[in-house]
Each structure stands twice: as structure tokens, then as C-alpha cells.
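Each of the two complexes below includes chain A, the first together with chain B, the second together with chain C.
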Partner chain A sequence: MSATTTTAPAGRDSRMDGSERWIQTLRDITGGSAMISVLAVLFALVVGAILIAFTNERVQETAGYFFSRPTDLLRAVWDAVAGAYSALFQGSIYNFRATNFLTAIRPLTETLTFATPLIAAGLGVGLAFRVGMFNIGGRGQMLIAAGAAGWVAFAVELPAGIHLIVAILAGLLGGAIWGGIVGLLKARTGAHEVIVTIMLNFVALYLIQFLLRTPGALQAPGSNNPKTPAMAATAVFPDLFGPRYNLHAGFLTVVAATIFVWWLLSRSNLGFQFRAVGQNPSAARVAGINVKNVYLYAMAISGALVGLAGINQVLGTVTTGFGSGIDAGIGFDAITVALLGRSKPWGIFAAGILFGAFKAGGFAMQAAEGVPIDIVVVVQALIVLFIAAPPLVRAMFHLPTPGTSRKPKIRAVKTRQTNEVVAK
Partner chain B sequence: MKLELRGITKRFGALVANNNISLTVESGEIHALLGENGAGKSTLMNVLYGLYNAEEGDILLDDVVQKFAGPGDAMNAGIGMVHQHFMLVPVFTVAENVVLGHEQTTFGGRLDLSAARAKVREISDRFGFDIDPDALIEDLPVGVQQRVEIIKALSQDAKVLVFDEPTAVLTPQETDELMIIMRQLAESGTSIVFITHKLREVRAVADRITVIRLGTVVGEASPTATNAELASLMVGRAVELTVHKNAPELRGTALSVKNLSVIDSRNQIVVNSVSFDVQAGEVLAIAGVQGNGQTELTEALLGLQQHVTGLIELDGKPLRGYSVRHILDSGVGFVPEDRTEDGLIADFSIAENLMLDRSSGAPFVKAGNLQLGFRAQFAAEKIAEFDIRSQGSEMEAGRLSGGNQQKVVLARELSRELRLFVAAQPTRGLDVGSIEFVHTRIIETRDSGIPVIVVSTELDEVVALADRIAVMYRGEIVGIVPGNTPRATLGLMMAGEHAPATESGL
Partner chain C sequence: MSTLTQSSAPASTPIVKPAAQIRSWKIPITFGSFAVLSLFLFVVLGRGLRGELSTFRLSEGRDLIQLPEVALPTFATGVFVAVVLVLMAAASAWLVYRHTKIPIVLTILFALLFLVGFLAWAASGSTIPVPGLLIGTVTLSAPLIFGALGGVLSERAGVVNVAIEGQLLAGAFSSAVVASATGNPYLGLLAAMVAGALVSMVLAAFVLKYLVDQVIVGVVLNVLVIGLTSFLYSQVLAPSANLNSPDVFPRLNVPFLSEIPIIGPVLFRQTIIVYVMYVAIALVYFGLFRTKWGLRVRAVGEHPQAADTVGINVNRTRFIAVTLGGVISGFGGAYFTLGAVGAFNKEMTNGMGFIALAAVIFGQWHPIKATLAALLFGFATNLQNVLGIIGSPVPSEFMLMLPYVVTIFAVAGFVGRSRAPAADGKPYIK
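So, the complex of A and B:
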């Protein structure tokens, strides 16, 4: 007993120091300027171009006789890179080769379809960032939300419209609970959210896998596959522009979620408290803000937003029944999206669409030019690298360090004012 | 060794931190560098210590120009530094700390600690320090730790010693002892640069005084100069060090604290059965050296401490055991000790900081929505009322100067309906102009009939503000004495000795 009472506080203190440092680093990474985000994307695309050129067979061939006919190599490099990026563009935004506008614009709707869950999950992760927490539990929150929404969608019979709303609410609740557990543990016991979210990912995965193998739970009746039955038509997001496109009404929920998060963070008092705790938890505490409750609410809302991604997967994208891979890694991509969007709602919206475009265009690029889709993954990874290493990007582009560029300016102002006082 | 700085200019971007500063410290001289916080003293010393490279100017030791690439070069050249925050490893012994970074090893890479012990003994004998080389740093009082820093510098054969705000953490008695040590060092030929903003100490010990303001040398003075002369050099205008106040108008006991104890996260009793009353309309100052339980006491009043026993009553209503929110809503205004850590959110705008402790209801919030129009108007009013020098209410608080940051905190706390005002170290790190402003506000608050508690480690501040003074030592109140108690008595009480005639129970 005495051992625990003496070691526990000491551990608590060191954790406090550690978490302060952690919050500072988080702030540095998530608080970069928009310029950093844009440059990171551009630079990642340049490195991607180099990789495309290197892996292109024609480039390799022509490199063999570079010194006799260098133009061959340069043309091959140009053809490979331009071809790949043109295919990426045509596969994600606008297809020039299509015969009419309605077909030509289809890639853009594909991009938005892919972007839908990424934006939702990105908003969840970004919100947690703003409160100074790192939510890596996207996978678990998505799976639980998908399970809850999916179960309501195939097992409950309700009139059209109401059925969809109930399914969405069930999913949001599932995500909120799964995220809320993390907030509760952090608030009550001081458990670090990174550890807890990672662990809860596994708990959720195996829970869903178990339910998918249990007849009467999530498993489709009369089947041995770990897969649910198809969603009832009354609970599925309607197509936005008819059956010609995959884009469904789930995109509207994401637009609504973005507006909600914007309101929450910049117009509501709860968001004010969120940001206060995220920036300086001790000042927030002294100002009478209940920091523990803020952690709980923030993680619950974050979990619900990530859950919205899971809901969109099962009620919009894959309505024929899902397995335990339904999260499709979106919970992790969401971290990148939130970083790229600098944890700002509309930034995340834009970043989600960019990543949706990468996904949609990546397939086209592979089909049309034979460029492996992994290049897209590499580009995404490089974006994270460049954002998480702002000093690197700054050094590469000779941008000023935020701290040094600011301080002198203010001090100069201050000095001027003090001089005025003296002059008076 | 003679130290000479010639035309040192150090810029940070557009800011000129040091502008053509020249300074000569003769061998065996104590040269005081006097200036407000932010005047450029520390920058100058960091240039001297090789931490910064000056754009212009030279450093000369015995008339030889030096080039320092880092602190290592400076140390090898004979410059030692006693930092304000000690650079000691708490779980190491004195001897281990002294050799840290310059460890001598014997065969097989083993530490030669006996040589280190001998060195510590030799130096402490030379100056009459009583220091056990095998004592752990964490067991030593602050004043002794500082001596270890001095020994550490001397063990590197420092001929020029820089003391950076050395008295900030010391009791008056320890300060006096430090002065004697500095004298001894100077007599043995060491040149000393003594950085401070405390006028009394400068006059007590310095041979020569150089005053720095806004990065330039504004004048040299001799120790015979009066406080007022030095202060006006420092701030560029005549300042008053005393606060004008009338006798307190007492309006009955408002805050009553009985047998209050606080146990910290390490299970130590940091506040031990403290009892006092504060009347409406008076200032009770809590004096004492940093770290004697004052911080925990104020935090306990605000509900920020976990394990508190005893009784806290404000206007007859109990406060102990309630949330910070409840206590703030009961009318307690609080200026925290560490304004950048606990008082403000640096990335928030001035307007946002002004509503920080009222984020859950009217007038700043209606139905969950922030009232941005009201907030902007409120901020504009407070910026004008409290003379907060800024570029508007949307400027980030972190970009304000320390004095203006403190004005933001004061504006926020004093704009609520108060029944008790607690100000912890309200003027720490502020320039003289801001100190005057803060003191005036505190006295105005008192005169409006609000009980005020001021916690301060600065004796000048305590004496200037207090109607009564409670002195804390090791978690206990040594005594509560009238505001006009002589400094010598207060100094003895701060070292734990009971006052001859303690006003008990009041």
C-alpha cells in the first residue's frame, strides 16, 4: 500500500511533464501554416514523379544509352510522369476522353464518394487534435459504428426515412461510446489516449469478428461467412444524382458534420472550452473549466464523427453486407487528412477531397498507365512526413521559423510604445 | 582578470536586443548590471558566455580579443556562470555535480571522485563554505545549492563570474551571506558581473553600476546613488516605489481560514494547519521565500488542490471541497502566480482570454453560442480601461509584453462581481511602470471593500501593499504582524524565527 501511494504520485508528475511536451509537439505538428500543407503536397508529388520515372520500363531502357541519345530518356521520363499524373487527374476530376459531360464528370463524383468517409473521420481526429489528444482509434470507432448502424439497417424494420435516421443515430452513438470510453479513462485514471485507442482498436476488431461469426448477431442467416446480410433498402443512403453515379446522400451528412464542427469550434462555448484545454490545460483548469469533462465530451464527439465514416461505409458505399475489413484503413488515413487540413474543419474537408481524389485517380492511373497504386500510398505517406517535419519543409523552402519571425516584430512594436511613453 | 565588452550589438531579426554596449570589469571588481526585465541583460551575458554570437563588437579578456563558439570556449577562457535556475542534478552528490561535464577518470574509465571531493573541500575551505562533498543536492537548502554552483564555476578556474539574478530564490539572510561571499571572491581577484533588478542589493555590494534600458547603456552610477536615482535611470522616468494608500476601512471578517492543511501529490504536508482571517477592505500579504507553501495555500483557496483539510469560509459560506467553477462563481478573483502557465492561453486572443473564466454562461454565452459582438465590445472597453498596449482585441495574448499580459489577467478577474481577491506574485517579472499600475489596482480593490490576499516573495511589495503581513515558513504561518513591521523582523520571520510580539489568532 505504501509503495503504491509513494510511486503513484511520482508517476503522475512525470506523466504531467510528458503530456505537456506531447501537447507542445502535437501543437507544432497540427498548427503549421496552410503554406506548409500546400508545399508538402507539391513536394510529395515531385518525389512521386521521381519514383514513377524510376519504375518505368521505358525510362530504364533509355537510361542504358543515355549518353548517345539523352533526349530519349528525357522524353521517356516526361511521358511516364505526365501520363501517370494525367491519368490521376482524369480518374479523379474530369475525364477528357469521355463522349459527353455526364460521363466526363463521373470521376469527380467518385472522388467525392471516396472523400466522404475520409472527411468524417478526419473531422473526428482533427477535433481531438484541437483538444490536445491524438485519436488513433479510428478503426475501432468505425467498426463499432458500422456494426451498430448496420445491425439497425438489416435487422430492424422501420418505415423509409425514419429507418435511415435511426440507423445513423445508432452508429453515431456506437462511435461516441467507443470514443467516450477513451475520454473517460483519460479523465478518471490518466490513461494515455494513444495507448487506449490502439488497444480499443483490437477490442473492436475482435468483437466485430466474433459477432460476425455468431448467428443471430451480425452474421447473415444461412451463411458461414463472417459477413452481414445486405442492408434494407429503407436504411440506405439514396443516390444523389441517380444510379449513374456512386455518390450518395452520405456526402451531405459529411457537409453537415463539417459545418457542425466549424460551429462547435469557433462559435460555441463548448468548443471554446475544448480549444482552451487543447492549448493550455492548466490555465483552463484555473479558469474553472472542468478539464476532465472536456476530455470525455471531446472524445465522445470525436468518436461519433469517426463513427460517421463507418456509417457512410455500410449505408452508402458497401450496402450489400460487410465484413470486419469495412474500415478499409480510413481511420488511419484520417490522421493524415486531419494533419493536412491543419485540424480546421474546412481544411479537413479540402484535404479529404484531395485524398479521395488520390484514391479515385490511383485506380485509373494503374489501369491506364500501369503505374502501381502504391505510388499513391507513397505520396500520401510523404505528405505526412513533410507535415510532421515542418522544420524540414521550412529548411527546404527557406521559410522563416514561426517563433523567430514573430517575436522581433512584437518586441519592436513594444519598444516603440515604450519610447512613446518615455517621450510623453 | 579584466573583462571588457566593446560595442556589443546583438540583433534578433528587427529587434536590437543589445545596441553597442560597452562594459569594463576590472580584476577584483563587482560590477552590477542593472536593468528591468527585458532590458537585454541576459542577452548580453549569453553573448559573453558564448551562447549567442554578437553581430558586432568584441569580448576582451586581459586585453586579448576572444572568439567563443560555445559555452565550452567561454569556460576554458575563464568565464563562469551562476545561473538563476540552478543547473544541478538533484540526485547527484555535490562532488558529482561539480565534476559533471569535466569528469576526470582513472584507469578503466572509472570516475575519479576522490579528486572531485578534494577539490570541493579545497574550494569550500578557501571561502569558508561548510559543504559536504557527498551530500545529495536535493537534500541541500537553496542557498547551499547556489554555493555548489559557485564551487562548480570556480573548479573550472573561472576568473570572471557572472551571477544571473542570484537572489531571486534566497531569503534575506541568505542574500546577505551571498553578498559576503561575493566580496570574498572579489578580494581574491575574481571579477564579478552581478545581474539584478533589485536596487538595494546593488547598492550594498557593487563597486560600479551599469544601467541598461532597452538594449542600450543608459548610464553608469556609483553605489552611493539613491534608489530613486537608480530607478529613474532604469525606467527612464522618476518612479515611486511606494504606493499611496489610506488607512484601511475595515468592514468585518469576510474570509476565515481555520486549520487548513494541504497534502501534495508526493504525500508531503505542504501547508500545515494554517489559520487566518481577512477583513473586507484590508490587504493581507502572505510573505515568505518561494516554496514555503504559499502557492499551495492559494491553490487550496481556489479549489485547485486535491487533498485539503480544515475550514475555508467566505462570508459564512464554506468553500472547501467545491469545484473551481463554484468557487469562482462565489466571487473569488484569482491572479495566478505563473501567468503564462495558469493565467493566460498564449494562442488565444485578448478577447478570448478576457472571457476565459466565464465560458459557461451569460453574458458571454447564450444557448451554447458565443456572443462574439458582446465579447469584442467588452474587450475594447477593458483594453481602454486597463491601458493594455496591443494591436486590438484580436491580438494573441502570447505576443503581449509581460506587463500587458498581467493587465489582461487583472482586467478579467476584476471585471467580475468579487467578494474576495487573491493575487499571487502579481508583479513578478514586470517593469516598474506595470508594477505601479498593478499596485494601484490592488489598493483600489481593497478600498472598494473587498478583502484582498497578496502573496509575494518581494519584501518591497509586501511592505508597500500590506495592512497586515502573514509570514509563511515551511508550510506554517510563523506569525501575523502589522504592515509597518520593520524589514529586519520580517526577514528573520521568513527564515523561520517567530516574531517577538506575534499578533496571534487574528
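So, the complex of A and C:
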């Protein structure tokens, strides 16, 4: 995410001589956003380490006789923290203990697998943020999309390839409808999207639960469990690097979605309208933009993107049939991903991969070291919190403030933009 | 709400809102949809229920004053309700056509009638325990109401509070731990308030001092609290059970008042948490609208520049209001552990904070209205429980869905563009 948040170089004077420019550059780098991001990650990891150490049994034991043998405590702390973080790293990026490269690199593909739905849903939430709306309806949109895509995938018979595409389209449509309802209600009646998305989460949950236990709908034939049958092989995302890795072609759809959102927001006419409405709906209306339509389109596209996460879950990750817990909390995680990525497509892409790494590594850490995966959630939250508050990080590490003269103005504008989200 | 947009429209943006004098058909349309729904449910689907009786039990066995059970013929009641609802929808359309304001009484009457019809239809052939339904409503609403009050207080001061979920969860966690460790549930309540206050102080510090986007901080604080409490639960509480077994507050009967038919059991046979809730609702309402401090809080939330000009310290006022909001929300968190379950569990608030947030918006940032909205959600939750026991004529999932669908309709039809405090979510930079 550092790449997306780098500040534009401050307008420097050409009169600056070499050394001055060097100092200014150094100030920009150390005080700038890239540095802040790195420090935020570091600091979050330190807090996580403290939590791991404090709750470690061995550490608590050795702390009892700290004054007689302090090295025991220090060693216990080191063992706990280093063990946990090395497991986290080896579970998410590269496994040093593996015998050959192809096995050693497997964690990285796991990271990308976990990142896939996070990126898709993050793009959806981020897009809504850019239009000044807060989409907490990820759960409902994912469930509906998963239901639609899943039904096409196991109940319809089509040739390979076409089947997959039809299933994806069905899922996208499902997500778009579920999100579009929100946009439509907001546009036509002014209903607040926060309420409607939360309510639609429940409606979708119960709808899917009903379909899952209704024979002929989503329930597997001959079964009493609220679970669908397995997806047809023709409608499943193929593995990207063969059967030894879990990574599937769904990742490519997410890359495509990221490019699409980037194109939409920064190159298309509609995207310009989106951003204009997000910054100031009244000004956009005066400028001739149909704000109501923008709300509708934005929520529909947002819903479709979040739906893509649900599609990836049922056609890529869990192809053996799914229950009503298929969303796996991704709809809510996506909010954090979108915030960390600052609602920019490639920022969200990077943030999604980071969070995917945390998820993959977290499971490995829990299995290997017995450290609950929840610590990962804490670290993620702290990262976003610190990245969102550059002045705090600067104050903590005594960093200089880049471009001091223009900072307050920019910050004021920025907060106002993002605040449109709830201050409607 | 139509009146609000009408009155504000010509003053601010006369060009882009020519709709100022146009009739708003929202309420008739909403009434109409519900009337059609009731025709379908009670008359078309209800045909099969001819001859069935729906019984409403109005008293509990231990009440002093026993009210007789009311048995209504299901189908006839349904037809009667549906017809009256259709007539009321027509009346509202006529009122709008005549440019007359639709009286609020009509809306309330409409909602009550629909409810009676719905309950009669759902309970065909069985008995609905009305006091039980309402007692559970008040109990289940308690955390929502506390959360909503905390949210109202914070947002009235101009700080968007998405962190209600985190405040509730922090309150639940710390009350369980402290109450178990000390053996004193009252200390648990205190700990819940402190925990809620701490969460909102972090919110306030980031928002007021570091000017971070308020929604971001709120969302992140939720995640942080969920992560922290889950982590500590797995690492500390799960291995040693004696840290997670607080005493649950018993239900206390208020003498005399608890013997009033229906109202008595519903309002005055509750735990101390609910009694504190009554006080909290009154205090927040009184504090916000009847005291100098409340006027300042609202001023800071509506127009911080103006407030600053007359010498109010904007950020300090906001800080205090947000912290107080956290105290209230945190107290509500204690309901989960000390009022209901008797042990902390991972993510046990289960999205209640977000529903409380919805109640804040639904209740138009007003403590009493937000309380009513929270009660509606509590009623919805409890209706699911009651109907789950007595069984219902349609698949239970649709019954479970209905309250949320009704809320969407209500938000779209009646509330509409609910107006947040003008400076809600905007940092104040001198």
C-alpha cells in the first residue's frame, strides 16, 4: 500500500542547490507516507509481539523469578515472539523448511488465494467509498452472488468454459441487484445506505438459509444438511499452477476487476461522475450530473464487485458445496482492506494481498505455535489505524512533517472528502 | 420527513430542488404496499386458516390481576385488518392529494393494526404470550438502546460513532472478567463503563487531535476490539474458567408497579441493567435538550464555528460527549455477560453495534426516537424466538426476514432523508 500513498513531491524550488535538495528529499522520504506505512506496520507488529509475549505461559512462568534469572524471561519472550512471527512469515510467503523451491513457495500462493476475495470485496467497498457511500452490505451481496453463481454451477449443464462464464455472470448479476436495491432506495427515497445494507444482510442470510434447506433450490438432493451439492467441474475455476497449489484462476478475475475499477475511476466518464458526486453531491448536481443515477450505478457495480468475492469463494475456494457461512466475514474485512488501500484500486489490491498474507500466515501460526489467529486481526487494525493517522506516527518517531506549509490545507480537504461517507 | 425537506429546500438550493411544493407520495405508497402485503398474507394465504383461532394471552401465571385470554378468529381478523389497512392507505392518498399533512396518529394506528393482523395470522391455532413477547423485547433491546444512546450522544456532538460495536464488546469483555475476578457484578458494570469510555477516548483522540477520518477510526476500532477480546479470550479466559464465570443479575420485581397488567411484567420485572437503561434514556434526553451542557453539545455538532465564537471549547465539549457516549455503550455491553449469558464469548455482540448504529440513524439522532427504533429491532429479534416456538404458517426464514424488510420499507417510506447533525463527521480546525 506504500506505493499508492506516496505523496507527490513537494513543489521544490529550482533555486535549491544540491545539498538543500538532498535534505529536502530526505525529509520527504522520512516524513512521507511510504515511511509512515512501513513504521505503522513495524509498530503494529511490535504491539502484537507484546501481546504474544504477555499471554505466553512460559513467559508468565519465567516472569515469576525474573530477579533471580532474568535471562530466562528474555529467552522465553524471544522464543514466543520469534516463533510466532517466523511461523507467520513461513505460512504466508516462503517456507524455509521445505526441501525444494516448489514446496517452499506454496505459502505465497496460499496468500494470493486468501487475498482473492478480499481484493474483490475491498474494491466494491472502496468504490462505494469513492462515491461517498458506506457499503456494509458485503455479507448480503456475497451471499446472493454465491447463491446465484453456485446454483448455475451445479444445477445447469453447459460446456466447459461457457459454464464458468455463465456462472460468473449470474453471480455478478446477483451481487449487482442486491447492491442496486440499496442505490435505488437511496436515490429514490433517500433511505440511508447504512441502514439498508445492514438490513439486506439479514434478508440475504435468511433467504439463502431458506433456499439451502429447500430441495430443488440450493439444497443438495438426498441430503438433509443445509448445504449445496458440489460444483460441476465445468464451472470451477481451474488451478493456476497445477493441483499442488490452491491458487485458482479466480485470482485473474480479481486482477481484471482491479484494472476495470482503475479504468472506471480514472479514465471513464462514469467514473468522473462517481468521483464528483463523492466529493460534493450538490456541486455535482449543479454541474449537471444525475446524482440519483450515480448512486444506483455505483451501488450496483459495488455490489457486483463484492459479489465477485462470493463467486470466488464458491467457484474457487470451496467447490465442494457451501452453507450460509460462505461469506466468512469477508464482507466486513473488506471494509478494512478498502480503508488501508485508501479506496484506490491498486492500493486495495496491495492491501488485500497484505491481509491475505496475514490470514494465510495466521492459520500457520495458530497451527505451529498455538498463538490464536485473532492476533492477526489486532495487528491489521493497528496498521490501518496508524496509517490513517500520520501525525501520530510522526510524533511517536519524531519525524519531520513533509511540506509543512501545505499540510493543514491538504489534510482538511482530504478529511472532508472521505467524510462524505457518513455525513450524508 | 417531507415537511423537513420542504421547509429547508427553498432556503438553501432553490434551483435544483423545484420539488419543494410537490406532494410527497411516499407515505401513501408505503401504506399501499403494506396493505397489499396484508391482503396477500391475511386474505389470500389466510383462506386456509378459516375456522382457526388465534389466542392472545395477556397475563402471566403469577400475575395478581389476571386478564382473560383473547381468542380471535384468524381469517376474520385478517380480512378485517386488511380491509381497514386498505381504507387507511386510501385515506392517506386522499390527504396527500388535498395537501393535508398525514397525522402521525394514522401512521401509528396503521403500524399497530398491521402488527395485530400479522400476529393473529402467524399464531393461527396457537397462543401468543403477549407479555412474554414484550418482556423479551425490552430485554433484548437493552444493549441496542444503550448503544444507540451512546451513538446519539457522540454524533450530536459531531463525531460519527461507528465504534458502537467495539464499545459494546469491550464492555462485555471487561465486565465478565472483572465481575468474575472480584466476585462482584457491580464492579463488573463499572468496568464495562470504563472499557467503553476507553474505546471512545481512543476514538476521540484520533478524531479530534489527529483529525483522522471518523468512519475509518470507528471501523478500525471495532476490528481492534474484536481482535483483542478474541485473542485474550483464547489465550487467557479459555484456559482458566474462573476468569469467565460472572454472576448474572437476577430479575428484580418493582413492588406494586410490577403488578400492573401487561405493562408491569414488561417494564418492571427486569434486571438492574434495564432499570438503569430507563434512567439513561431520561438522562440523555434531559441532558441534551434541557441543559446548558446539552445545548453546547448540540451547538458543537451543528455549527462548531458559531459555538467557538461564543466561547465554547469545541474539541473539549466533543471529547466529553464522545467519552460519555462510550460510558453508556460500554454499560450496554455488560448486558451480554452480566444480564444474559453469564460468560464472555468471542464476538458475542454479533453485529448488535451496527444495528444500534442503524437505530441511531433510523431514530434521526434523537434519543427517544432512537430508543423506539432499537425497541423495534428488539421486538423483531424476540418475535423470531416466539414464532420459532409456536411455529408459523410460512417458512420460518421469511418470518425472520420480515422485520428487516419492514425496516427497509419504513426507512424508505417514512424516515427518508434523515438529517444528521450538520457538522457530524467533520473535524473542527480553528
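The rule we apply is simple: the second predicted complex is superposed on the first by the 340 of 424 C-alpha atoms of A that agree within 3 Å, B and C clash if a C-alpha of one lies under 4 Å from a C-alpha of the other, contacts with A are read in each partner's own complex, and residues count from 1 in each chain.
Here is the rule we use: a contact is a pair of C-beta atoms (placed from the backbone, for glycine too) under 8 Å apart; a residue touches a chain by one contact, two chains touch by 3 or more.
Source: prediction; values computed, not measured.
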Chain B versus chain C as contact partner of A:330, first or second or both or neither: neither
Contacts of A:152 with chain B and chain C, given as first, second, both or neither: neither
First (chain B), second (chain C), both or neither touched by A:287: first
Partner chain(s) touched by A:88 [first = chain B, second = chain C, both, neither]: neither
First, second, both or neither for A:279, with chain B first and chain C second: first
Touched chain A residues, chain B compared with chain C: C
First, second, both or neither for A:269, with chain B first and chain C second: first
Contacts of A:382 with chain B and chain C, given as first, second, both or neither: second
Overlapping contact positions on chain A, where the chain C interface meets the chain B interface: 282, 285-286, 408, 411-412, 415, 418-419, 421-422
Touching residues (chain side chain B, partner chain A) in the complex: 12-15, 214, 236-237, 264-267, 302, 304, 323-325, 327-329, 334, 336, 341-348, 352, 355-357, 359-360, 364-365, 368-370, 372, 389, 391, 399-401, 433
Complex interface listing, chain A residues touching chain B: 5-6, 9-10, 12-13, 267-270, 272-273, 275-276, 279-280, 282-290, 404-415, 417-419, 421-422
Chain A residues within the chain C interface of the complex: 51, 55, 134, 136, 185, 188-192, 194-196, 198-200, 202-203, 206-207, 209-210, 214, 282, 285-286, 335-336, 339, 371-372, 374-382, 384-385, 388-389, 391-392, 408, 411-412, 415-416, 418-419, 421-424
Residue ranges of chain C in contact with chain A within the complex: 1, 13, 15-16, 26, 160, 162, 206, 210-217, 219-221, 223-224, 226-228, 230-236, 346, 351, 354-355, 357-358, 361-362, 395, 397-398, 400-401, 404-405, 407-408, 411-413, 415-418, 420, 424-427, 429
